[in-house]
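Listed after this line are the structures, all set down as structure tokens.
Here chain A shows up in two complexes: once beside chain B, once beside chain C.
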Partner chain A sequence: MTASPDTSDHPVIGLDEVVHQRVRLGILAIGHEARRVEFGYLRDQLDLTAGNLSKHLSVLEAAGLIDIEKGYEGKRGRTWVTLTPAGDAALAAEISRLKVLIARVEEKT
Partner chain B sequence: MTASPDTSDHPVIGLDEVVHQRVRLGILAIGHEARRVEFGYLRDQLDLTAGNLSKHLSVLEAAGLIDIEKGYEGKRGRTWVTLTPAGDAALAAEISRLKVLIARVEEKT
Partner chain C sequence: MLSDVRALTGQVRRDQRRTWVALSVLAAATLVAIPFDLLFMWVRCDDTGCMFGRQGLFYYWPAALLIAYAVIAVSYIRAARDRGVGTRVLPYAITGAVTAVVITAVSLAAAAWFPDNPPFDGGPMPYWWIVLDRLVLPWGLIGLALLVLARLERHLALFWFTVGYLVLVLLVVPTNEGIHVPFVTDPALQLRLSTVLPQLIVAAALLAGAIGFHRARPGQR
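Entry: the complex of A and B
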């Protein structure tokens, strides 16, 4: 028997791939926690190569969700990442959609 | 000031891209709800083209997370999708990791 599931718009439809993608979601979540987070820390926390992290940071920067700041700590070059207000809002929207999805899945478990 | 965020393994590291990807997560969630769901219903619910849906179904089938069954309803060919036990387990693991991520983000909001 094929049950007729819930027919309202499915929560995944509203998910933004720029935000939902696993690594980018991690960058936004860590950026939300730390407010200003250093490239090396992100790379280690998310277990990425520098190249892979840079690729995802470019996608988020192009979407206006993060600001990237280059500078020095002593003689060493550093890169810091900060969420923009749009980044905070995008993360909040992702979280609220995921909560709708989770509630729906758990309702039928 | 750069806060030093939580240093335990970040929840996104454990997310499985096969499951976490937006469309595939929707397929697994709907399959979990309906137990046995018809191709056309999935296509409409997730607002996809048949080709795009087929591509994602192949990824999930190859990973052993769904079974695909072809048959007829009257004279019309039909395709049904059912989650395998591994599919149910993968969805449950995704949901529990997302809940850890959400709790962590909301803790700092």
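Entry: the complex of A and C
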């Protein structure tokens, strides 16, 4: 998951299903750029329901790719998501594989 | 999928930025500096010419820069937290604090060394020296720190604004020598007033940038 793509294999082989899913890739991309991102921001940006987003966050948390921190600001509950080092590495590997895949497709056309 | 990732990261970057706040604070700091500069400047004139020292720069700018970058950092952090994202402003604030140390060190070194060892034996100074002198003045260092902010935020518009700003303060506006004020015949008063216009120009440039970035900011969600 964290290794750089091996160009001898077809890049599709190395795609990680946990990361490759569109919404989860979006969560990782936003989390990487924002460093720390709040649940409501993710929900708005990815245009998801709270329940749907929670499911995807659980998958990523179970895979060790994100940390979830719950707290309060005043009386308002807020949930913050931070990428773990494994999450950063998984995102970088996924993007590398996608770029290799695109390059292969463009080579053949 | 890659274009989705790019679009999402671009949106996060836009939501993290508070460029107009940074430029407004720095413009305000530049404007407030003017009375300090005038108040603490010493001028001694005799038959051979005038000598002057801008002590106000030394008294005002180190503290002003520390306060300005602290205000900018707090503003960024609060806005980012309200939006629900983290921020990248801390390295910029640290760079700003370092510039305050640089100004202090350069001022102390110049005050200790140059009176007995005038650069180039008191003769005409080469252009590169004049530009270097402008670079270590507060307005040049503000530009250098803005380059750091542009890099941190991957903000191309801020990068080009800063390049233009640095050209202005290093090559166009004589921030170290002053601009001659017409109709003022008293040499001491001329020296004092000549420092005002460059600072007003720098403040106007920063303020224009602040207004431009404020107008161009993404709509509030």
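Some observations on this one:
Operating definition for what follows: the second predicted complex is superposed on the first by the 101 of 109 C-alpha atoms of A that agree within 3 Å, B and C clash if a C-alpha of one lies under 4 Å from a C-alpha of the other, contacts with A are read in each partner's own complex, and residues count from 1 in each chain.
Operating definition for what follows: contacts are C-beta pairs under 8 Å (C-beta built on N, C-alpha and C of every residue); 3 or more make two chains touch, one makes a residue touch a chain.
Quantities reported herein were computed from a predicted structural model and do not represent experimental measurements.
When both complexes are overlaid on chain A, the residue A:Val23 reaches chain B alone and has no touch with chain C.
Considering which of chain B and chain C touches more of chain A, the answer is B.
Of the two partner chains placed by the overlay, chain B and chain C both lie in contact with A:Gln45.
When the two complexes are overlaid on their common chain A, residue A:Leu15 makes contact with chain B while staying clear of chain C. Once chain A of one complex is fitted onto chain A of the other, the partner contacts of A:Leu98 extend to both chain B and chain C. In the superposition on chain A, no contact is made by A:Val59 with either chain B or chain C. By the touch criterion defined above, A:Ile68 reaches neither chain B nor chain C. In the superposition on chain A, A:Ala34 makes contact with both chain B and chain C.
When the two complexes are superposed on chain A, the residues of chain A that touch both chain B and chain C are 22, 25-26, 29-30, 32-38, 41, 45-46, 95, 98-99, 102. Of all residues in chain C, those touching chain A in their complex are 1-2, 4-5, 8-9, 11-13, 15-16, 83-88, 221.
Partner chain A is touched in their complex by these residues of chain B: 1-7, 10-13, 15, 17, 20, 22-23, 25-26, 29-30, 32-38, 41, 45-47, 80, 91-92, 95, 98-99, 101-102, 104-106, 108-109.
Interface of chain A with chain C (complex): residues 22, 25-26, 29-30, 32-42, 44-46, 78, 95, 98-99, 102.
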